[in-house]
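Down below are the structures I want you to see.
Two complexes follow with chain A in common, the first pairing it with chain B and the second with chain C.
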Partner chain A sequence: MANEWDDPIGYVLRSSTSGFSAGAGLTQIDSLAFGMIVKTQPSTDTREVLYGLLYDIHIDDDPLVRQLVLAEAVTEETIRDQRVHRIAPVEMSVLATGYRDVDGQIRQALPPRPPISLAPVYLCTDAESREFTDYFDYFRLVLSASQVPGEQLLAANLVRAALTRPESEQYDFLVSAGREAARLLSGDMARLDNLLRLIYPNRVRITE
Partner chain B sequence: MAKKTTEIDDFFGPRSPRLGVVTGGSLSRGLDVKLDPGTELEELAAGRYVVVHGHQRRFFSMVTDITLASTSAQIAITPPDMSNPFLADVYGGSMAFGVVHIAPMLVINENRQIEPVRTIPPHFQEVWTATEQDINDVFGDEDESHFNIGAPLELLNTQINVDLKRLTERSVGVFGKSGTGKSYLTRILLAGVIARGAAVNLIFDMHNDYGWEVYNELGARDKGLKQLFPDKVAIFTLDDESSRRRGVRPDFVVTLAFNEIDPEDLSALRQTMDLSDTMLDAAYTLRRLWGRDWIQQLLTAEPHILEDLLNTTTINGPSLTALVRRLQRFERFKFLVPQTQGDTVQEILNYIESGRSVVLEFGRYGNALEAYILVANYLTRRLRERYVKRIEESLGDEAKQPPQLMITIEEAHKFLDPQIARQTIFGTIARELRKYKVTLLVVDQRPSAIDEEVMSQVGTRVTALLDNEKDITAVLMGVNGAQGLREVLARLDTRQQAIVLGHAVPMPVVIQTRPYDEAFYKAMGAPLQGKSLKRAAKASGKTLYGDDEFEGYG
Partner chain C sequence: MALEFHKLTDQVDRMGQDLANQQEEIDSKIEVALQILNAHADPAYLQYILDRVQDAVAKDAGYRGARPLDEPLGNTYPPDSLPESATIIATDGSQIAPNTHGAALYYLLNIGTIIVHHGSGDAPHILSQPYLFYEPEYMLTQDRGLITGAMVSARRTVSEMAALAEQAWLNRGDERPLLTLFDGSLLFLGIGSDVPDRDQLYGIYFAAMTRLLDVQAQLAGYVDRPRSSFVAGLLHLLDTPEDMVTRAVLASNGRIEGLQDIQYFRSLLGPGERTALFVQMSPQNKDFRRSGGDTHEIAFFYINVASAHEAPHLARVEVPMWVVADRTVLSRIQALIYHQCQQLTSRYPYVLTRADELAVVKGEETRQLNMLIQVSLTRHGIEATESEKQSTKNSARAHKTRHVVTR
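On to the complex of A and B.
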């Protein structure tokens, strides 16, 4: 198995205890997806790990892009060169949803401190995603975060998390997650209904 | 996820599926249990046993009500699309869930001892369906003093055993609306009492349901107590002709003498024969004036004698005329004779003292309520007098005491109506408890018509379906957690289901009654006959000779 700390997908640009933004080269775009669980290390103590959900991936323009969009004949080579060597990074926002404490336990709560700038950011392996999503305490953080589309983000995360599990467990996982969401959103049927429709396992095979 | 095991699991052993957790309640009202999402609501039923596993105790409880609840009022206004299986699975058990109300009936402590319920488990303790082991811990095994009367609902491999000593030391009531199998239940109880020798019985058998044989609802013939216990049961009859027509050979034909009927015997007939106070006063006056033959003299009196009577006593004319008319009904009863050949009461007493139960068949008189009440009252009053005498004579010497006697009466409310219960012998017996070793087994369809004080003294109540509110209230009077049991009682099947509560069982229990069939006869030790005998012989032959060699018995 590859070392889970190899190949960062980006580096922290700005951070707070509620989340952080990271920058990456445009070539990383294919490995990023809305709702993924990413991790970084908030301190020099390598036992501490911060987990978060990836949302709001955006690509800002730069002066060269602005010129190129107006140019009449731009070669394929120029476009590729601009993408590889562009000076503005792909920016992604991460909502902090938990951390692994120095005792090795995962806590689904805001981390004690934010990651420092330029800390490398990594994608979680399937095993880590599974471990993190075995508990649903982070739902509340996602659904109550004002800066994110809560149901959309949680739904994207759950569908991904389901796919990290064996086929025979996927349906039950989504039902359990749906029940927890129902508990939290019992006063807001519109949001709950939206979330449940997003995670309805039409892509995940029902194995009952 | 693997189920966590705890010390309590190790101690109590394997458990059946978890139903939910306790979410509220009180000692007086019972507990609310929120069902787990996986618990199938439709499989739960009022009357089912569940066990709450507290920290140190098991709370043995009964489901008394089932309700639907939701975490949001909105869901009731805009129900989700339950045709979508995923949405159905998510909503079912989370936002919309079932709640059962359970009544803790008793507690099993760490030492497996049974205690009454004096506390409740804390919040969120797990609730499980009762296992066979739980049932056995509570109701024990069948033995010399415990008799199997059926199985709890949905746990038909277990059995509910009543404590016969406790059953017979206080009066017993068998209640249920018409056609719910009261006689069937009574026959099972009586068979147990006779088989184990817990008491000797005197059964006033109104419709010939107990003695020799009876037709069940399928039209087949069930054995009566005499066939099950030929040496322990005697059949007495008031109607020899009817008995012989039914192929019964009675042990004794009962006759009562007119000159032995006292005004007290008429008191019990006050309502049935519409006897007023002035008519009864007239009866007492006549008994005082004319002595033992007062009835016959009255029925044969010339007009001038009656006129003299009216002139010389305080008896008024209309009352006397009405009394004569009422007493003339007795002339239809062939068992009433001017003078008896023997002493019926002593004859019954002889059987009872030798440990033999007596079934008194009424034959054609079973349909005449006044005959039933007159005879039951007449015999019981005299028997009890002699019992009291015997008990008083034998004080300090238990060996001389007569055996425990249980008297079975049907249509009990006619004897124990609030207006007459204080004046009849049956009211007295019910109130005396076990003081004179005589108790009642009352069979009735209108328990609400029985005097409240008498009902409060009925130690064990076996109740089939009742749907009248007043009757349900009467049966549950004085029972802890009665409110919950009301629902159970009103939802029993119309056949072969009953709730047993009171002195003879550790807690109220809904039972599927034991079948009254060949297996029952065998358990009672009755000799096999006909096809049953052939089957048994065949089975024994195979045991002895194997399949190949044995060809006998056809």
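On to the complex of A and C.
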């Protein structure tokens, strides 16, 4: 698991207060997953940290890659060359879900300012993920974001967050999260049903 | 103003029609070329052909065609099986030419290199090395004129060969066969009499080649879509009665004038196969033999790099004599080059594609470098501005932006 300010998984390409996109090399692909909590810093003040959920990961092609896809005799060295050296970035999108203020408090709201270009992006440690998901105020940001598949993203995040907790606490955590989701989605049973099915505790244990 | 295409459509149509008409003429010339080639394809003719070339040279008839090295004219050779392991090094270069309207006078060479350990499964080693030249000794010719584009190109070619030799030297002593692949002709054709320091550049170039020989590296120059007609010159010579060989007769290729070698060899070569080895009878090649010795003279062959289900795609591969000395080695090089070409659907060696990508300096990068230089000069108290001409050009060629009119 990542240390707090371990190697960055990527660098900010574009940003706004509602989220940002970050670029990374193909070698980072194994460390990324939908619903992960990531962090970056919106300014040079290292006390301020911006948190967000990773919701889209895509890999761009280029004319050379398209040729390689169609060629018959591509070697392992060539594939490694493309993956390790060429500037064919993995681009990930992050939905801003909160920030740690200069006073050290986590606030589950849109950050006061976006991260700047090339700010390093890190995976949160288990402890940070637990701390961030102790409160559910960010649910509303996720479920109301039009650019993301809200229930899928929140469910993926909650399942991951449950696994950072001791086994004895996982069930209660997911039930609490489900109750908060039920409160927010009381007017939309289809979305609520979808979300609850995705985080249903027994299923989480089976897939663990 | 953008190119006015509507004024070009008639001209383009006429061009298409003319080229289509020429194709019929080319087809009949191909038939003639193949007739001459087949008539001299028997191994028993080899000595006769060599004698005819020798005779043309002796008559000082300005013969610039090819001579067969030691293989029958019409023979074709399949590649060896692909070696399990090999080290392939390729280089390519690009340049920013001097601009008298820029803030400062300079030129830049950028050399890209890729080193692939074929069969290892490892990611290749890549590097690119930029060199900035601004000192008067690099910018001015001996008669105090500004260095020309041809001179910069010649220096780039030398740098490419030197980089190839440097990396081969660093990879010497490995048990794996070492293939060094050069982009273009090995005959350093870009260095004309308009390059004042050509002797010095030749010296560096030959020294780099010798370094490759010293480490037993196999060197090959890869020429894609070659327009050469060296073998056509030979066929014309063979088509000409011995007593008719004169400078005037050899000034053209007679019945097959205008025909390129690849236009008739394409019907002879299967996928991966090569033609016989030839030697180009040019002054450049003579210089190579004189300056570098017999080992540095350049031979060549044509190879079909298309895959089995494709139309033939021929390239010319040039190799020094030390490479052709062992035909098993040559056959292995042929296999490696063919395999390189199978990795991209464009049928161009992957390593050269990547070396080019590593070397190329894009327009935006040139603009950024110019800006960097301008800032540095200003910081050091030098007034640095582009000429009005350059500044105006930049404005006119910049991307268009939309003017939004709001109510």
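Throughout what follows, the second predicted complex is superposed on the first by the 198 of 208 C-alpha atoms of A that agree within 3 Å, B and C clash if a C-alpha of one lies under 4 Å from a C-alpha of the other, contacts with A are read in each partner's own complex, and residues count from 1 in each chain.
By definition in this document, a contact is a pair of C-beta atoms (placed from the backbone, for glycine too) under 8 Å apart; a residue touches a chain by one contact, two chains touch by 3 or more.
It should be emphasised that the depicted structure is a prediction, and the values quoted were computed from it without experimental measurement.
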Task = Please tell me, clash or fit, for chain B and chain C sharing chain A in the overlay.
result = fit
Remark   = Expressed to the nearest 10°, the angle that the Cα centres of chain B and chain C make at the Cα centre of chain A is 170
Query = Where does A:183 make contact in the superposed view: on chain B (first), on chain C (second), on both, or on neither?
reply = first
Message = Quick check for you: in the superposed arrangement, does A:146 touch first (chain B), second (chain C), both or neither?
response = neither
Inquiry  = Contacts for A:71 in the overlay, against chain B (first) and chain C (second): which applies, first, second, both or neither?
reply    = second
Request  = Give one of first, second, both or neither to describe whether A:105 is in contact with chain B, with chain C, with both, or with none.
outcome  = neither
Key: First, second, both or neither for A:81, with chain B first and chain C second   = second
Request  = Figure out whether A:175 sits in contact with chain B (first) or chain C (second), or with both, or with neither.
outcome  = first
Query = So, does A:200 touch the first partner chain B, the second partner chain C, both, or neither?
reply = first
Ask   = With the two structures placed on a shared chain A, what shortest C-alpha distance in Å links chain B and chain C?
value = 47
Inquiry  = After overlaying the two complexes on chain A, where does the chain B footprint on chain A coincide with the chain C footprint?
reply    = none
Ask   = Residues of chain B touching chain A in their complex?
value = 37, 71-72, 74-75, 78, 80, 84-87, 89-91, 93-95
Ask   = In their shared complex, at which residues does chain A touch chain B?
value = 171, 174-175, 178-183, 186-187, 189, 192-193, 196, 200-201, 206
Ask   = Touching chain A in the complex: which residues of chain C?
value = 114, 116-124, 126, 307, 339, 342-346, 350, 353-354, 357
Note = Touching chain C in the complex, chain A uses residues 64, 67-68, 70-78, 80-81, 83-86
